[in-house]
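What follows is a pair of complexes built around chain A, which joins chain B in one and chain C in the other.
And then the complex of A and B:
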């Protein structure tokens, strides 16, 4: 494979991973506030279908993306209401919703199966696109891919460098303390869950109007990606930059499985086809390994020098979840 | 250094354990506290205040509970409203009222019932108790009935039978694959169709081979057709000798050869990609046919060196995309186009290659694609479609249903080619090729010339041909038998890509 092909391929990875980036950062917002929105898989399918229908009926891409975000926000609002106001199990609500939204999208989308819809087109950025390598990778993309780049930086800045971001983190870590300091815990949770849901909802049209254009019901190839989104958020330690890297890693693995097939004749093709999913789960295991007690014991038995190196590596990878993730807040 | 880290972490863990009092525990305490105060009947003032507080709690309890009930009720109403809204948009009002719960068995039933009601436009009969002149046949489809591909071609074959044979009715169940219906076998689905009155069953995927044979064995009185299978082929490797099992397949080899010719005449880079599903006898021989057609056009019509033609097969792992099971066909097609393969021939049930070609051509790339299976699939990106080799199952299915209905059913194996008088005749030709807008006028003329040559007896499955690893397959002048074609053990020499799956 020559250099130019490689660069185009990597640019394709950035495009293909863009919906995952947006969805994972949306979920990061919700989980930072302490709410697990487990409905991601269903939300992506429902918003992909809904926005495709809007795009086909109105011909407007802008309306379609707005519809996608609204659908995502609506589903997230149900999760927020159930878990924040009713204080029910977030996992149960999210799981039921994900199944409900999935089947609903297949059912409602049926009349639109295989229709030809509008598609996002590529908008190169003048001047910047002429930069060798980087120009092709980063500045010859569609609008939503640019949005995903901006979102990574924006989300990081918001969460770690602003006062509202501090409140957000406080609400997810110690809602009691945040409440005592005057934060309106429930309102903050509602806001970020809904915002996160809207971002997840944007991932749907990014698939159905760009990355995997069209709506094909059960064979759209979108079912299952939502679960990977949830895994990537954990992998990314609820940090937008690391979460985005996780999404790109997954995209890269998928791309590699395609690119390597002709060159690895000895390996059964199925192995490569399935590889990205278990690999992602394995990395998840790996980043959580630092939290296990037996690892410490094993480490203590190691000689000094390798122990330091291994410990440093594990520490760098280790993730600690927001302390009040999934715990309903009681205001007494 | 490390120890310090661990210590600090341990400390933090401990602190955390101390600090976080689970709300469930707190709730329990708040409940127990006042309850104890009740038992202690002391006239003390402070106790009294506790008592008062307790009374407040008690009186508040039912209220908060009733509020919960109210809110839960509201939630249910919201969901129902969403459902109702959904039904209004879904253009299928009758169905929603019956499919309140998405239980798989009820949905399959309602969808099949819906099929009956929609296909017998106007008539109000349901699937209950067939009247004597009525004949119900069941069809098991691997993908959605409207996939613009293989399953839709089969489904429309069934509609053709309904139209041509008065009294014939189809009941079907689609999405019969492990991803959509985990834990359900195709035999179970076929039994369900029988329960709805089906007197004959079509299994319409290579994937259903074992299920079709098992079902035929268990139900010797029900005529069974397994499309694309070989269980009823006396001269085949897998003959089962079941009197009620038959096979129908089209000689898509011809369609794929024509597609290969169209691809070779169009490519500017000399690189043709083949988007393959899973690796088996059928998919190998179809990919090889496309290659034979491409090589023929490359050497005979263009007079170029066959060594300059690159033909690569990339497999995704199933007939359509299932995340976590297959490669993503969109990415595979994209990868072909990025690497300079400017024509991609699709061998899978769905149209990702064509859609991706359409998208890239919007961005200014010169690429084309050839979908597969279903004549209507060209519509998804007409400008970049060179054409589509498609199945027209109707006429053969009509023959089979007629035989079963009139009671003169016997096991048969039929492998039907195009009607060379007019390969696109919907009433006579099993295999067709519809040209697309992307095919230039010159190339279209050559494609017609090629079809005429095939009609005149041209056979590309003629030696000398070697298998991919160089072992001789056909000697010079030797013509492949049906068995040799059907059970092609590898791809052919000159093709790139995996030949066997293990």
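And then the complex of A and C:
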């Protein structure tokens, strides 16, 4: 593979991972506020189908993306209402919605299967696109990929460098304390769950109008991505930058599996397609194992030298979730 | 290790008073949820440009118009019974065993493996089938144990561990069907070479229904009901599910019980997979689990984790699934309509139950096993 092909390939990875970046950062916002929106998988399918239909029938990409965001926000609102106002299990509501939205997208999308829709076009940024290597990778992309770049920095700045971001983190960590200091816990949770849902909803059209253009029902290849999104958020320790890195890592692996396919004769393509999932389990194992009790005991039994190295490695990988993730908040 | 305390031998009286005033209110609210679910589905049908009433009539006809239809509903009922009964055990222990799909698949894979291994030997066919079914149970249990070990020793939430394992199980099936177990000539999506008839469960009058698998399903549901409602083991499982820390302080070995729940659920799911191979398809097919595991989880939530309701609700879900198969032919609608209706139903039941707890003046009841809607989730639901 020569240099130019490699650069184009990597630029493709950035495009292909952009929906994952947007969806994972959306989910990061919701989970930072203490709400797990488990409906991601269904939401992406439903918004991919819905926005594709809007794009086909109106011809407007802008309307299509707005529709995608609205669908995501609406599903997230149901999760918020069920879990914040009605105090039902977030996992239960999210799981039901993920199946419901999936079947709904197949049902309603049936007549539009295989139709030709509009596609996002590439908008190179003048001057910047001429920078060698970086120009091709970062400045010859479509609008939504630029948006994903901006979102990473913006989300990080918002969460860690602004006052509302501080409130957001407080609501997810210690809602009682935040409430005592005047934060409107339930409102904050509603707001970020809905915002996060809207971002997850944007991922749908990013697939159906760009990365995996079209709507092909059950063989659209979108089923399962939402679960990867949820896993990447854990891998990224609820930090937008690390989360985005996780999404790019995943995109890179998928690209490699395509590139390497000809060299891996004998392994059926179906197996390569699911390769990310055992990797997901292993990754989660690496980042979580530091939290298991027996690890401490085993570490204590090790001799001094390897213990320090192992302990450092485990600590570096380990993630600790927002303290009140999934826990309903009672104002009184 | 803290001093072992005796546990109360039966649940609080509130859960035993089955037909008090509460029950009637509950029934009313649940019918309300049913009506809402049908309303939403009707709106969706109108959006799709289809006549709602006719669609429901077609589903009903598809499920009960002939003996073949009814027997097909019962054929779908069996794996649903097994999967729902299984997830009730893990729900009782406060676990979200989303890996139940993969456990069904592994049950089917191991069953197929034993059948392939022994089909050319001189062993009596009935004996081979029994061995194969046992292998299926073991396969499901082992796959569940993997999710359980990842959870208890690796800190990997069972939702993600289970999901990942589901995809791995599917890949394994595809690899087997297109690789080592492919049909003579070329592997295809239609599955492995069918087994001879004597290596399957005996069926009723030319239909796919087997009384043996029906019996296994019913026995499993009764066994799970007895386990959860009438035994100490069941009580301890629920204790672990309601409050892991308190259960541990009362002397319940918590991680062992969590693993036991996984093993039991996986065994039942594996049995479902074994039944699909020996009783229905007589071979391994790519989509051998048919989504029955996820449906089992939905049924578990719909019935608020009460084993007594498994059989009727599973029958209703099976009827919806079978009834909607002919929708594409008669109304040009996608058969996923059944999933839409089932999802809407569970969603509204959860929301209506939440609304009841939120707006009723009485204190919400607390003594129900499992991750009860409305109470705070078990210690680590959502811990990831």
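Heads up, the rule we're going with is that the second predicted complex is superposed on the first by the 322 of 332 C-alpha atoms of A that agree within 3 Å, B and C clash if a C-alpha of one lies under 4 Å from a C-alpha of the other, contacts with A are read in each partner's own complex, and residues count from 1 in each chain.
In this text, a residue touches a chain if its C-beta (ideal position, glycine included) is under 8 Å from a C-beta of that chain, and two chains touch if they have at least 3 such contacts.
For clarity, every value in this text was computed on a predicted model and none was experimentally measured.
Participant: Report clash or fit for the pair chain B and chain C bound to chain A in the combined superposed model.
Facilitator: clash
Participant: One more residue to check, A:82. First (chain B), second (chain C), both or neither?
Facilitator: Both partners, chain B and chain C.
Participant: Could you tell me if A:224 is touching chain B, chain C, both of them or neither one (first, second, both, neither)?
Facilitator: both
Participant: Does chain B (first) or chain C (second) touch A:136, or do both, or does neither?
Facilitator: neither
Participant: In the superposed arrangement, does A:327 touch chain B (first), chain C (second), both or neither?
Facilitator: Both partners.
Participant: Of the partners chain B and chain C, which touch A:277 in the superposed model: first, second, both, neither?
Facilitator: both
Participant: Mind working out whether A:212 is in touch with chain B, chain C, both or neither, as first, second, both or neither?
Facilitator: It touches chain B, and chain C stays clear.
Participant: After lining up the shared chain so the two structures overlap, which partner does A:110 touch, if you call chain B first and chain C second: first, second, both or neither?
Facilitator: Both partners.
Participant: Between chain B (first) and chain C (second), which, if any, makes contact with A:308: first, second, both or neither?
Facilitator: Only chain B; A:308 stays clear of chain C.
Participant: Among 110-118, 218-226 or 290-298, indicate the stretch of chain B whose C-alpha atoms run into chain C.
Facilitator: None of the options clash except 110-118.
Participant: Quick check on the output: what are the common chain A residues between the chain B footprint and the chain C footprint?
Facilitator: 78, 81-82, 85-86, 99-100, 103-104, 107-108, 110-111, 217, 224, 268, 270, 273-274, 277, 327-328
Participant: What residues on chain B touch chain A, complex-wise?
Facilitator: So the residues of chain B in touch with chain A come to 1-2, 5-6, 16, 20, 22-23, 26-27, 68, 71-72, 75, 78-79, 86, 89-92, 96, 99, 102, 143-144, 146-148, 175, 179-180, 279, 312, 314-317, 320-332, 334-335, 338-340, 349-352, 355-356, 358-359, 362-363, 377, 379-381, 496-498, 501-502.
Participant: Chain C touches which residues of chain A in the complex?
Facilitator: Residue list for chain A touching chain C: 36, 38, 78, 81-82, 85-93, 95-97, 99-104, 106-108, 110-111, 217, 224, 227, 230-231, 234, 268, 270-271, 273-274, 277-278, 280-281, 284-285, 288-292, 294, 321, 325-328.
Participant: Could you please specify the touching residues of chain C with respect to chain A in the complex?
Facilitator: Residue list for chain C touching chain A: 44, 47-48, 96, 98, 150, 153-157, 159-161, 163-165, 167-168, 170-171, 174-175, 178-179, 294, 297-298, 301, 333-334, 336-340, 342-344, 346-347, 350-351, 353-355, 357-358, 371, 373-374, 376-377, 381-384.
Participant: How about chain A: which of its residues touch chain B in the complex?
Facilitator: Touch list, chain A to chain B: 1, 5, 8-9, 12, 16, 53, 78, 81-82, 85-86, 99-100, 103-104, 107-108, 110-111, 113-114, 116, 119, 121-122, 211-214, 216-225, 254-255, 257-259, 261-262, 265, 268-270, 272-274, 277, 296, 299, 307-308, 311, 315, 323, 327-328, 330, 332.
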